[in-house]
């Protein structure tokens, strides 16, 4: 599989059949790779699949990627680099709801991911439970989605309230927004895992990508 | 809402509109209620919705429930009491896969829950990753489901392997099977939250009910 | 202070001036005392203050106490033994709100404590956030209290919603109701400490007594 | 609610009715917002309520805020930006007591918050329990307050001693002052939650704002 | 060293030179040994050293020990079995101070241990910091000891107050008295490790024996 | 693979090729299986491999196993049921060293496992580091083994001392012997993972079986 | 106590009687104070007691202190600023032993502190248990001290070995030297708290000052 | 042992007999030593043993080392400085397998260490379980090694799959690659300790050196 000209062969064994098995090519976790590594892996995947996505990445990597794939986009809020040449037909719709302005970067990860999977995305910002009327006023709209991603930090109560109001699966994303005992998102994670409302499943802290991907799989069935 | 003859009015404010909002009546968490409390709440919900479900319950509660609802069933493995008079038309299918014999009680929770939601369930037992051929031989069958519940204790690696092989959402359930650092299921929970495979979301430790419910919502869309 | 006939002198140095300094006599933590120790301490405090309270106690201790103070009461739900000969004039009012039937024992601790402090208590059961209309329908009543005790286990979201709706201090009590990652109440505790709603302070897990006491101090000012 | 000229509409759904419901406008958590976001939200709240408060903020945000609200103040110790045009009549009084010089920034958060709520504040610095005479000499003064905020890091023992001496509610604030096992304030938090003195409730680590707010609610009743 | 008639040779390699090196024979940790094992080890040590001590033991073990060493004593509060035939000359004195009645069993462990080392012991019970005058009234007496053992559960604040009042080393013992976040003694342990008063060192939770031993070494120099 | 007469087919998918791949048949984790399940799985494996092993099991299971495999042995200390009809030629030798009498049950797990793999086992009991001469006197013997299993609870320091004295791999086993902060074996586990001596690898707490298996693999090469 | 010219009165309530009660003036915790605050407090204490000590401090603070107290010394390894004009007569001796070169800064804290208390100090570096002969060769010397401070990071086994060899109290200091699970010193702390050797008490992680102070109290009796 | 010209005598007590006892000279932990300390210790060990190794080191230290040992090599990925003049005869072979590109630095630590011990090393990169065919295709090659080091971050499932496929000991190395609950490698560590596959032992998080050393000991027997 790795020919002699393969510039990634010394550090990667790219899973080029991933798309065939799972419907989406291998996604590149950018955080602990060098910019050069990320860019070369992206090139190889893009060549095979007409689509690539790097998560948790940075400016420096974008510079490297642009040298090879000039049409690549970089979302600075979501810290994602991506590009697609596929023709997409929209199938399914999700809502991405966040509890506060500070949760937007993680929500944006989910939105970009689902969009790349060909799913329509409705974004609803800053409707945390302290002003409960804010989420109540959005319920009718949310109920029309196939799946709802709910992003919240601090006490993380929003997914519980949403799941008690709708008949659709809720994918909850704890964020690391908070301080003191809320630092790093464990409080929000525990809240979501222990919700008294059924119909919620949870992804890792700050894992907006994972939630968007799971919602994309659900909505596009 | 609570009339004078309501025998639950001193300890419960039952959410009788839950089914209308979310498609399924309020489910009774049996573990910390007295048998009498569980039975009286079940009676009231059953009267309204023709269906009830008590989770994490016990023999003593079953005795109380049978006095009021003689047709109630008790699954001793799943520790669930339930009954339905609804006519069900099957819509959608899920697979419930477990890693080892010891995980069966939690898997069974998921299976009963999804069945009560009108979803077809395929059960696959004891296919943990130590003998990787076991899960590989089931992939074709699993891929035909709308959603896959994967139940595992100890190191909890099975959901990651499954999610790398299919294009369907995986709901992962960590179980408290294990000892030493694996006691209480935190090891399996962390494994599932940190999976390098996308397409996984996770429920609480031993929360077979939550996984079955989430899978039921996804499959029955 | 300890005379020769003092039957408690070998194991206790009772703080008989506590009531003078803080307005309420020393309260007896029953859990780790022998029944005999609890009863003898209660006798001595009761003689001085015309009021005593034993928390986290049991049947066996009640038997011992009754031998000395026949008029003592035992609340089996709250696990409290107490008695008062004081004339009480009601000053102030609190609401004690719980999220679910399983939280009642801890709520009851708070109610008994505040009542012994001469405060009027309104009890509201089973209004957790999954059925958000339940708490919304009680807001008008709750707003009339001087302080609101909110008791919740599992994900512990109720105090946040309440604090966003009223202009009164909320004392939040996490309970150990839950399982898996919710076991022992840490999830609810963290939720309450990290609430995005201001106006909440928190007591120890299952500390219904502490919350009732704090609310009593606030309401009776 | 969000008109076309609303510069916050892309990232915030401000809860403008908060003051009506809870008596104080929405407070802006500055730590994870951009300076621009904090400033625009402050502007909108200030227009509606004649008062705003940004917590856990910084110099850069102050520069942005001053462009829009030149009269805004910045307390560099408390890291708070705020401004009020309301006429205030003092109602109620609190004491804010800290255990050591290093706890002053968090104590200052509480003092500013309560002052903005129209409450008189007495500040007492550096009276930790190692020199027990220091707090004993202040008791007479403290007892005259309606509520006492006690701020302490390291072993966090001060609230327990204070609560044993007065008949007023104590709001305890653990700080992240300490090192080794005291790092991040968990030691102080646990001490305060487990106090053997009744009459204490606790807020999040370093949450001076929350304590000041709760004390303000109590004192201004 | 182990001859053929040594009944302990299959499970123990007793360190019979321990007394020569450290001044006290090997002490037997009873909790995880069978009664028979504890008794046979005690017999062998007693033969060599004229003194033995079994910690964290039980009635059943006492029955076994009495068969071999009829003069052995059992302290049911401290859960210790011991016996000495040594002539003891008292050298040095310690105070063992506890915060509450529930801490007495652990304090008693320390007292018995130090007594067996030939040290005079003063016991002071139930002088926790909520009634601060109780410990203040004992300071003169405490200051005359060579070392002070302070035993406390819950918030564990007492050692800090004591160490601020005397010029003698304080050995702090956290106990597992408490509930919720105080369960198992971690709160008290952290309090003691993070004390703002110098002159404190700490032993394991419930380790009354260790504290008594350390105090004995200090006092008998 | 599962025929109609297979009594295990409803709960197990036994990995009968395990021995071919890894050299040892599937081992049965007994703790969370019913006695009947354990016995039926044992029967099937024994038929295929002439050897079976059940770990963390109990008397009741032994009774079930004996009905089917009368020649099965039960080691009550190690809590293991096993039987072999294989002819074994000894290849390789290991030492199993424990720190104290209380660690013997876990050490015994390792000894039985390695013996079943055809490895010679030397057992050395009760040589913890408090009496350092005990282990020093065994070094010559230990150095002759191919691999050394070191079992210790409490502070778990023994593997570090051993690894500094020999040129053979040390497999360290933390045990749950201890109390307070040592409860459940996390202290010993961390000690072993952080050893300043190279040449140590670690297994799960109380995982005597895993250590014996790993040592068996190493010694029998 | 605070006159009008007191430059510390806005941030400190210095405990000037500390020396009278405990034998040593208040020590200044430098880490969370501004350089100016540390310097002004030092000045005031030095004036009263002819001795001051600032711990966990830095270059910038030293510059401030030198402006006021030109004779002050700064130990860059121990991060301590101090000065004494007292005439000291040596009374007592301690050994400060460390396990590795990386532990020297914390050991140095202990050495400086004890020296300021008038105690003779013997320093022994880099004698960790991996090369067990290193500590064995020092035993004779160590046994002559009144108290032994043992400083170790990583697995923290050294205090256990030392305490098994001597009849003097050992004060154990865990350091934050290590990585992975050893990061921040919790592994070493737990090892020391759970030592199977009696005669050890423990201070906070990296608390060289506390250990030196405790040892100084013991040795100078 | 330390003569007057020994430049390390103030901070180190080098264990020069280590090689004789354990077969490999003392290895220098670079992270918490000054560059000068590391270089001087390296010089002394190199002189005695013709081989030295510094782990977790940096550029600055390399500059210091080169001044004394110009032939020293620095691997920037593994952060190791080393040199050997020994003649090596290869004995034994290991495979070092990693799950992803981000794990290469830790894998490289293991490879360099084993190579310095005279063992042949096969490196296999990026074969994590999400694309299970990648590891399956390498099994034949891996089975020929004497020991297999498996390096993985995030969910850490790879060692379990490998151990189920081979009859050789697996040394598992968790890495700190991951985010949220996977941060710092605890998730991977727990996965590896709780593996349902026997034949795995584990080293500290990011401890590539320890794994390489253990594998080297096993392979070179």
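First chain written, first letter: the chains are A, B, C, D, E, F, G and H, and each begins at residue 1.
Criterion: a contact is a pair of C-beta atoms (placed from the backbone, for glycine too) under 8 Å apart; a residue touches a chain by one contact, two chains touch by 3 or more.
Please read all numbers here as calculations on a predicted model, not as lab measurements.
The chains that touch both chain B and chain F are H.
Any chain touching chain B that also touches chain E appears here: C, F. Here the repeat of B-F among G-H, E-G or A-C is G-H, since over half of its contact pairs match by residue number.
The chain pair with more C-beta contacts between its two chains, of A-C and C-E, is A-C. For the touching copies chain G and chain H, the fraction of interface residue numbers used by both falls below half; the interface is of the different-residue type. Chain centre most remote from that of chain D: F (centre = mean of CA atoms).
Chain centres here are Cα means. That of chain E falls 35 Å from that of chain F. Chain B has its Cα centroid 26 Å from the Cα centroid of chain A.
Inter-chain spacing, taken between the CA centroids of chain C and chain H, is 56 Å. Those residues of chain C in touch with two or more other chains are numbered 18, 29, 100, 130-131, 163-165, 180-182, 186, 189, 193-194, 196, 204-205, 207. Shown are all chain pairs that touch, namely A-B, A-C, A-D, A-H, B-C, B-F, B-H, C-D, C-E, D-E, D-G, E-F, E-G, F-G, F-H, G-H. Taken in their complex, chain A has these residues touching chain D: 100-102, 104, 125-127, 130-131, 133-134, 153, 177, 179-183. On the side of chain C, the complex with chain E involves touching residues 10-15, 17-18, 26, 29, 31-33, 37, 41, 56, 174, 176, 184-186, 189, 204-207.
In the complex of the two chains, the chain D residues touching chain C come out as 18, 21-24, 27, 29, 146-147, 163-169, 171, 189, 193-194, 196, 198-205, 207, 209-211, 213-214, 217-218, 221. Against chain E, the residues of chain D that register as touching in their complex are 99-100, 128-132, 136, 154-157, 160-161, 163-165, 178, 180-182, 186-188, 190-197.
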